[in-house]
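Chain nomenclature is as follows: A, B, C and D, assigned in order of appearance, with residue numbering initiated at 1 for each chain independently.
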Amino acid sequence: MELVEEKLGEHHLDEKHVVDVVVRFAGDSGDGMQLTGSAFTQVTALYGNDLSTFPDFPAEIRAPVGATFGVSAFQIYFGAEDVTTPGDEVDVLVAMNPAALVTNITSLVDGGLVIVDSGAFTAKNLHKAKYESNPLEDGSLDPFRVLDIDISKQVLAAVEPFGLGHKDGLRCKNMWTLGLVIWLFDRDRKPTIESLEQKFASKPEIAKANVAALNAGHAYGETAELPVGIHLYKIPKAHVPAGTYRNMTGATALAWGLIAGGELADIDLLFASYPITPASNLLHELANRKEFRINTFQAEDEIAAVCAAVGASFAGTLGVTSSAGPGIALKSEGIALAAATELPLVIVNTQRGGPSTGLPTKTEQSDFNIALYGRHGDAPMPVLAAATPCDCFEVAIEAVRLATKYMTPVMLLSDGYLANASEPWKIPDVSTLQDFPVNFHDEAEGFKPSLRNDETLARVWAKPGTPGLEHRLGGIERSYDSGDISYDPENHQRMTDLRQAKIAGISSDIPLQEVVLGETTGKLAVVGWGSTFGAIHQAVKRARLEGLEVSHIQVRYLSPLPPNLGNLLAGFDTVLVPEMNTGQFINLLRAEYLIEAEGLSKVSGQPFKIGEILAAIHKEYELMGENP
Amino acid sequence: MELVEEKLGEHHLDEKHVVDVVVRFAGDSGDGMQLTGSAFTQVTALYGNDLSTFPDFPAEIRAPVGATFGVSAFQIYFGAEDVTTPGDEVDVLVAMNPAALVTNITSLVDGGLVIVDSGAFTAKNLHKAKYESNPLEDGSLDPFRVLDIDISKQVLAAVEPFGLGHKDGLRCKNMWTLGLVIWLFDRDRKPTIESLEQKFASKPEIAKANVAALNAGHAYGETAELPVGIHLYKIPKAHVPAGTYRNMTGATALAWGLIAGGELADIDLLFASYPITPASNLLHELANRKEFRINTFQAEDEIAAVCAAVGASFAGTLGVTSSAGPGIALKSEGIALAAATELPLVIVNTQRGGPSTGLPTKTEQSDFNIALYGRHGDAPMPVLAAATPCDCFEVAIEAVRLATKYMTPVMLLSDGYLANASEPWKIPDVSTLQDFPVNFHDEAEGFKPSLRNDETLARVWAKPGTPGLEHRLGGIERSYDSGDISYDPENHQRMTDLRQAKIAGISSDIPLQEVVLGETTGKLAVVGWGSTFGAIHQAVKRARLEGLEVSHIQVRYLSPLPPNLGNLLAGFDTVLVPEMNTGQFINLLRAEYLIEAEGLSKVSGQPFKIGEILAAIHKEYELMGENP
Amino acid sequence: MSEMIPTLTLKDFATDQEIRWCPGCGDYAILKTMQKLMPGLEQTKENQVFVSGIGCSSRFPYYMNTYGFHTIHGRAPALATGIKLANPELNVWVITGDGDGFSIGGNHMMHVLRRNVDVQLLLFNNEIYGLTKGQYSPTSAVGTRSPSSPQGSVDLPLAPCELALGAGATFVARSIDTEAKHLSGVVKLADEHRGASFVEILQNCPIYSDGIFENVKNKKLAADFKVEVEHGKPLVFGKERNKGIQLDSQALKLKVVELSETVSEAKLLVHDENNKVLAQMLSTMSGPDFPVAVGLIYRQDKASYVDDSQKQAAEVRKNGISLQELLNSGYTWIVE
Amino acid sequence: MSEMIPTLTLKDFATDQEIRWCPGCGDYAILKTMQKLMPGLEQTKENQVFVSGIGCSSRFPYYMNTYGFHTIHGRAPALATGIKLANPELNVWVITGDGDGFSIGGNHMMHVLRRNVDVQLLLFNNEIYGLTKGQYSPTSAVGTRSPSSPQGSVDLPLAPCELALGAGATFVARSIDTEAKHLSGVVKLADEHRGASFVEILQNCPIYSDGIFENVKNKKLAADFKVEVEHGKPLVFGKERNKGIQLDSQALKLKVVELSETVSEAKLLVHDENNKVLAQMLSTMSGPDFPVAVGLIYRQDKASYVDDSQKQAAEVRKNGISLQELLNSGYTWIVE
């Protein structure tokens, strides 16, 4: 995404200069909101906007119809400028029933547009949503512009010719609504029509009904007399680099990055995992990708998963495992075995709300500590964090590179937000990716399992099945010289030092820390890691437009840290560290560089809003005695 | 122990003013060295010396006779001054065979005395010890004073009257040797004779033979013509406070502390554990103490152990679990459940050499990180460390107090050294111990599981079986108000803040940090935690005798830290932090107080030597531009 | 009794929590049956404790107005053991799923059964991981297509009752979510058993494994596809009670026979709930060739771990000493 | 064959590591037997991999000059599964103890057996935790006095072979540490089996559980206290081969009979290694009333997890696409 530094005012839809918009589709689990959102994303991408999306599933598998806890939503932020979050507040809310309205209306900006299916505002549904009076009538929606249409009725009329029953007919409500929204933003509905025809190829009547509903919704926008101020909006196209694009979620990007990493390393991968929210998607995606050099193993639990992965690595295939929260905790002993035996291993941690079972479907960054310090004994290992959905692809490749090059476990931190959020991805040319083929040792002469590369300090990787390299590994301390068990005190010190030096040494094999936005010195650096990227980025951008001397630094390499980070931070008067935890990364920065960094902590299961970070920037500025 | 600040010179046994001595008994696993050491400890304590002991078992269960890896040793440091470590270097080494000699001679000071059983220096044994020539003959022992006696022959002669076979007769070798050493230090051998008679009450012949051997060894000292410079030594008595004393190992002190904690809290305890070196002793000791309000459960694994303990706590009995290294890693998820549901739990971590299986029989402090940070999500909990074997008693009581008062898991850090080391313990008067009885909630009116104490913020403890208090707990985030499951973002923030505040608040319920030795401000503070106490203490004492402005601070409360610690440390120009890890605690101090502390790291599986810390003190002094 | 004890009803065992299972989930029926059963059990309400792991099924405790603990995935049997050891008066129920109880929790399940800890374990077997959205489980049939096995699973499944028997279970039974009367009867027996009682409940998940138990649940088919086993009774089944199970004692195998003039009920195998070999055979019978056995398959009296552990402690306590005596025990010396 | 392949001997399979078992430990005998057996096996030395957990027994790999991995406590079956999935050419052995394999490792043991992963699992059962200095284990008899059970253990023990059968094992056998020939034969069969083969080896620990298998090990007693089972052969035992096992097919129980003129060998139970019911009965026979069964108790051909997983992957790979094609698949758009 290109960074367009133009003045961004506060805006509503009735302003002339609308450069970006947040739309949120919300309905019952059965209302097809995810499909609607995806289809709208498709036409919006094609239109040429930059965008970012986030699906908001209910925690329940399938809640009763009309229940508030069964509301499923999809949010898209799109516009002419670089878009890096799905948006703080919603400009247009589509609410298919009272439950969707009540659970989402608080995120709508004052003056925002809410489109409701008044046909669904029955007494029963109002009751389920715990409304005491009908919000369409009691004036509670006065701060907003309301477009209430009996969509149910409209749809049934539109699909009548196709002989669908009442129930199947109502299933087309989402397409009718999509048609209306497509009209509202002047998008092309052809791609949607094509996908519908493809999707229901075997049921042409259903396809036709859906298309008819889509068209009817669109026509409604064109012809019906809409309330004052509601009209067709033209959001300018974004200036995005030329190329072929696709939409990518973080989970898919990560999965594909692992596959790419395996290809670049020229090795097979075994992905061993046990289902857990929100990490399972990775397993699902990869189980579907066995045409590549990857196999998947659904283990009996997380311990078996990490152990199978370590076993695979011992056998010469890169073991990868993946989990979240409680599952990560269970893998600790297995990870330590990989660290002690110096075998490669990639652990993907899709963080969720904690502690304990916590909030499985919500996002958080509270596993920084366990990633860095969650092993018994001194067992350092690299920890990387992905910043955006697309970044997951690159970071996954990097995790494979470090694991195989340094014969070490590597933890990759993603989170529930990143995994499910999506954004357009400029598809790279695979041939331009830098490869890093693994060299298995095969020379029997002079072989011992303790041989290591002088430069990287990596232990040799000797594959079972190779004649003459028979050897034993194990988790008991091993002799630096021979690789045999050693209880010798000096050897233990030497091996401990070695393990530390090996990981520390990686800092010279990673890029120097860059500043994402702003100068390399100044008043304030906002330092983030992981999925806070988008919100920090927008906040810093806005602050800079206000004339503040703020820079944005996003750290990918959490351990070891980039070698220049300390100096970089020293160049700022103040350092602000927003984190979705109680302040874990900031402790590392303080310990490492002895700087008076300020934390900004949010632990609500929700990503930061741009405004929250902007407010913190203002506050820091005030504390510095400056007027923001 | 009282701190006697008198000038302590470097000393050998031939100096006039010998105030303390280190004796090490070493022999084959079958030679009964542990028994010998314990008996000598007994008579030494009775004599009135202060002392500290450490058994050094082989890692193997039962090694072949004569093998170096089967050598079992027992070290005792005793003297007229406060003794807090088993000593750096050995003054008197007893080596019952070549393997014992070769593995222990390096710890003998130049000029030290070595007593060997020349009868065991056979070609076969020399070969097993990998000696190429007989050290008793090749001059390699020249730097030492050697007392080589054919103990085997002496013993056989002494026990001849009792009709024991050759093999059983030789079994008395250790008592002969003990007799000699008892003579050497002018102790009373009556208690030993009494114990022998008690121990072998059912085998009077064996008892008599052992006593005869003991007497013969003693007589040998009195009558034989010993080499120059070897004579009877008189170590002055120590100035210890009046009272009844016993010898205590850390493991026993900890076990008894848990029992005492339960009594003071007026609750039952369930100790659920799975065997692991060096933590098993605790299970063994408590399995033998079911006459108190404690039951033990040997679970199928560490996960089951911690979960059974949490279950017990739910049911109104304090759950305690215990492990080391890999087992602690496995407990992480269960501990987090206790943190999330706010149930009391005590986890005893007897640290050992890591990472992975590491060095199970060796000591280390490398689980500081996992103790503080080893849980997924934000799950803070108190962490305490015991400093000496006897301190384990108090710290265990304190862990029970904090767990039950604040309804939280508490981790207690011990280590392999502390667990096995022993020192005299002034037996407390139980009636003077401060009690802290638990109040179970029993009022049905207005009950909800989320009720909490305004002051401590502790959640209510409502015991199943109480009518009207039926309620459900769980690891999913719970409503601050009702205790029911809550996915509400603001509630999650509130509960996260609450959990943090509750643990942070404990800092006002713990003693202010004191300075163990020295002034409260000065040039250098040596800050330790856990079992480094003894070595730091002696080193600081020696440095102070040299005139250096050094103070010793030992932190028991690692989380939360004592409220005055930051100010205290700020009063020193430099802070030195010795740790048996790569520098874990120091990071907390740096992050917390932004001080330029210096680490002193030792990760060899061995406790610090006094000299090592003293050297570091000197170095710090030099760096400060001062002449030590 | 002169004092009036208000009798409790199903409603007293319902909580105010909104139930979060999918519409049509078999768990509803089980919940109802359990709530209904509770008032009739010996133990009082305040002594009932429901413990669960994680899964759809494991939400159960939230809906039972007793003491309850929704713990962590797979560990409920371990927590239950701790609860029972802490307070043997409590009547402890473990609610678990095929994933919770036999995938991640297999070890604790095995050991709670082997130790014969006096708890009731109800396994809601829907042959799928419901809560995590439908991945195949260790009880899923080979070929199950799921998000994690898009080409069909290749793992051989395990049979919960067979495994329980192998682990030394002293009470093994099977029932069906919607068969309220049958289920209720089986659970009552489980409650009465001293030691670990294991009950497999075939539970339909309409979302991810809908219809897998159709044969034994469908009113029309069930008679031919399941057999209700009852101690001392011949194994008869079929719509017209025209089929039965015989033992081929040479081949040591069961076979299905049609009842006829020559083959009378008297020639059928008679269920003996104390015979483990028979239990093993019955527990593994499966369609389409064999009917699925439901009812109390196996029961045996054996030492209960909690009883014996308590007894041992009580024995030791007889010679109890005070804490001060402990501290002063063994070798001590006095410094004056 | 014209090319000379140097034949390997026992010595080629010994390492230079000092063996750290106690003098007299049964593990020595097993090691020797295994080293001796290796040269005769089909797989080459470089394809042999020994994987173990933690315990005295688990030190085994250090002494075998093949590939080896001494992993973490209880997890060897999981590592072995990963190794085998990574490279099915490797011949993978899991060496485990009663604590390692059935206490902490019970879950992985159960699942490796159920999945029928093609590895050989050798359980050194000494009914004790040796390495941690003698605590009782899940296979220890009730009443075992140990450091953690000073008044005698109260947990009921489990029977490894029974549990393995319950978990769906397709190969179950038992042998004895010092019976080199018998052990060697059984292990060879295990090696040949495609799928998970489970072998329980009764192993004496002279330090902590000395003599518990005396009846079946002692040359004088063994004939009366153990029975060697062999497919198709009647179950005869006794010093004079004068005793046998019969099946009481009514009670579905085994019984010991004296051979006599009326009771000939022909009337004895004939071992059928493919009959699981029989296997269950045989595997649980124990003294003093019954002889302990040694030999191949059960064997069955079933789908092997690794084979099927590989096949499925291979199938998918036939229609392989390139990474670039993957990245470009689905809905894309072009920005110019």
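In the analysis below, a residue touches a chain if its C-beta (ideal position, glycine included) is under 8 Å from a C-beta of that chain, and two chains touch if they have at least 3 such contacts.
Please read all numbers here as calculations on a predicted model, not as lab measurements.
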item	value
Chain at maximum distance from subunit D, centres defined as averaged CA atoms	A
Higher-contact pair (C-beta pairs counted), A-D versus B-D	A-D
Between subunit C and subunit B, distance of the C-alpha-averaged centres to the nearest whole Å	46
Chain centre separation (subunit A, subunit B; CA means) in Å	47
Rounded Å distance between subunit B and subunit D, as computed from the means of their C-alpha atoms	40
Touching two or more other chains - residue numbers and ranges from subunit C	70, 72, 103-104, 106-107, 110-111, 138, 151, 155, 309, 312, 316
Touching two or more other chains - residues of subunit A	69, 290, 300-301, 326, 333, 337, 341, 356-357, 474-476
Touch-based graph of the chains, sorted into line, ring, star, complete or other	complete
In the complex with subunit B, residue positions of subunit D that touch it	18, 20-23, 54, 56, 70, 72-74, 103-104, 106, 129-133, 135-136, 138, 147-151, 155, 207
Contacting residues of subunit A [partner subunit C, same complex]	60-65, 67, 69, 274-277, 280, 283-284, 287-288, 290, 296, 298, 300-302, 326, 356-357
Subunit A contact footprint on subunit D (complex, rising order)	15, 17, 44-47, 49, 51, 61-62, 65-72, 75, 78-83, 85-87, 89-90, 107-108, 110-111, 309-310, 312-313, 316-317, 319-324, 326-328, 330-336
Residues of subunit A touching subunit D in the complex	42, 45-46, 48, 191, 195, 240-247, 256, 259-260, 263, 268, 270, 272, 289-292, 295, 297, 299-301, 303-305, 307-317, 319, 333-334, 337, 341, 427-431, 463-476, 484-485
Contacting residues of subunit B [partner subunit A, same complex]	59, 69, 325-326, 328-330, 332-333, 336-337, 339-341, 353-362, 364, 366-367, 369-370, 372-380, 474-477, 487, 489-490, 492-493, 496-497, 499-500, 581-582, 584, 587-588, 590-592, 594-596, 602-606
